[in-house]
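We just call them A, B, C and D in the order they show up, numbering each chain from 1.
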């Protein structure tokens, strides 16, 4: 089953929560498993959205207890690796959607780009060199565009219906 | 959902394969998710057994590609951490069943015991100090006893029916 | 002893090599241990520079063999963790100097900023939000300014002489 | 420089402390760098012994702060990986000397044997299968024999003088 990561901060504003929930719901509707860092904020919202559409959710946790996972995580993976678990979130996904996000999210964007995994951004980091913003992160206007863009990047998700933005 | 790890070597004899497959099947019948290292040998047999009973399987992979997982893995987690992924296999489980196994399996037994996670063994390592074998690993006689013993150690699996050995 | 990381790509142009070598030499002259990813390019140049001034160098390697380290590494730490070793490079340092760099370097910048470790950049990534470049990475004009800026961020290095840019 | 790990528990009895200190001192006298987990107990004693003979010590820490290292650690590597750092302690060494030890030490013994790194034991774990104790861990009678045995396993340490038991 295709798997897409939703990444973002554990503490975030209402707009990011709403966006992440929409992204999670749309991914589940398209038959995609959602993987995330398993905690609160954007992670929890994405899982809640996915579960609202009957999807499957994976939480790759930094701590040692499965109890750290938010209540919408189906598969909790307590790594005990701290922030090093970010790299596993990314490797588990075939595309990454970043919603807002702080420096932890930036580390995940960096790893995804390093591994050639497409990154779609919603109000997230932009990368620049010598004052010029680069196009490494595909910026989407809304959750529908973000999900469609991510689905195009996931070969196995070809069977999934394209969804309206 | 309760999750139990089945650990053992990637290359093993027919007896270990048969045991691991029985263990996987019995765990799935009891409503338990099977987590393992995701590769061949005991890991593959446990997953195949679990899937034969309609269970859910998780493979925590050492490499960077989900394609490394055996075909019976539902949820592939490519960690890219090499043998350090052993610790994640253990942390994801509430009990561990070791079937045969080499030194990698021994590392998983060690971590489980360190974390207070019960370890049930089938033809696996024994630990000794000063020439005296210790009882840290609970030795089971067959797959049924191993699974029953593991289920007793998993509080959330209390609802699952005890199965006949 | 204060420890500062020099990060950058394993393959880089002559200008980055020259900059990294100067940075390594200046850090060693200030009595600072250099930590890096232990491989070629910027990492090797920084180590070579540090050794030219009698410094101590640490290489946190992604692979499993100490033989992967460049010849200027004194202390080789073969982690076997792949790119997850980036987080250890950063945690080992009290400040980070980025010279050029690709996405792996970006992941290290992200972790450093997440952990509150100062990042000084020489021709490296800039971070932006909504089209506006942020000041998270302190941009230095040359190797002397980069090293002085990093030294100011390292309390224990206070005894070390400030060096001329 | 050849590097040998001294592994053992963070809390241990006076006999283990004395043994570990002797081992550390003898390793340093033979020109060997001591690597360990960087904390207290056997780890601290080994480092103290090594420093008493002017040796170099490396501490691979589970936590995120270099301040967690015992005071005899020269090179502190705060991994933030928890017990997963055990695998790095082992990979950094060309031989391993286990002094007593609990389950964490057992995980390090297991990884060392998996990687083909010789393990010498002083009052440590023994491994058994089917009731028969195996010879995977070379059991030494005292610190001198342990160090000599480890030195023989380290090709680059050939130049170092053999020391009296």
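What we mean here is this: a contact is a pair of C-beta atoms (placed from the backbone, for glycine too) under 8 Å apart; a residue touches a chain by one contact, two chains touch by 3 or more.
Fair warning: this is a prediction, and the values are worked out from it, not measured in the lab.
Engineer: What's the call on chain A versus chain B, same or different interface residues, using the half cut on shared numbers?
Structural biologist: Result for this pair: same.
Engineer: Farthest chain from chain B, going by the mean of C-alpha atoms per chain?
Structural biologist: C
Engineer: Nearest whole angstrom, what separates the Cα centre of chain A from the Cα centre of chain C?
Structural biologist: About 30 Å separates the centre of chain A from that of chain C.
Engineer: Just the number, please: Cα centre separation of chain A and chain D in whole Å.
Structural biologist: Taking the average C-alpha coordinate of chain A and of chain D, the gap between them is 42 Å.
Engineer: Check each residue of chain D and list the ones that touch at least two other chains.
Structural biologist: Within chain D, the residues that touch at least two other chains are 64, 80-84, 87.
Engineer: So in the complex, which bits of chain C are touching chain A?
Structural biologist: Counting only chain C, the residues touching chain A are 81-84, 87, 102-104, 106-107, 109-111, 113-114, 123-131, 133.
Engineer: Within the complex, which stretch of chain C touches chain B?
Structural biologist: 64, 80-84
Engineer: Show me the residue ranges of chain B that touch chain A in the complex, using the header's touch definition.
Structural biologist: On the chain B side, the touching residues are 1, 33, 58, 60, 64, 66, 74-81, 87-88, 91-92, 115.
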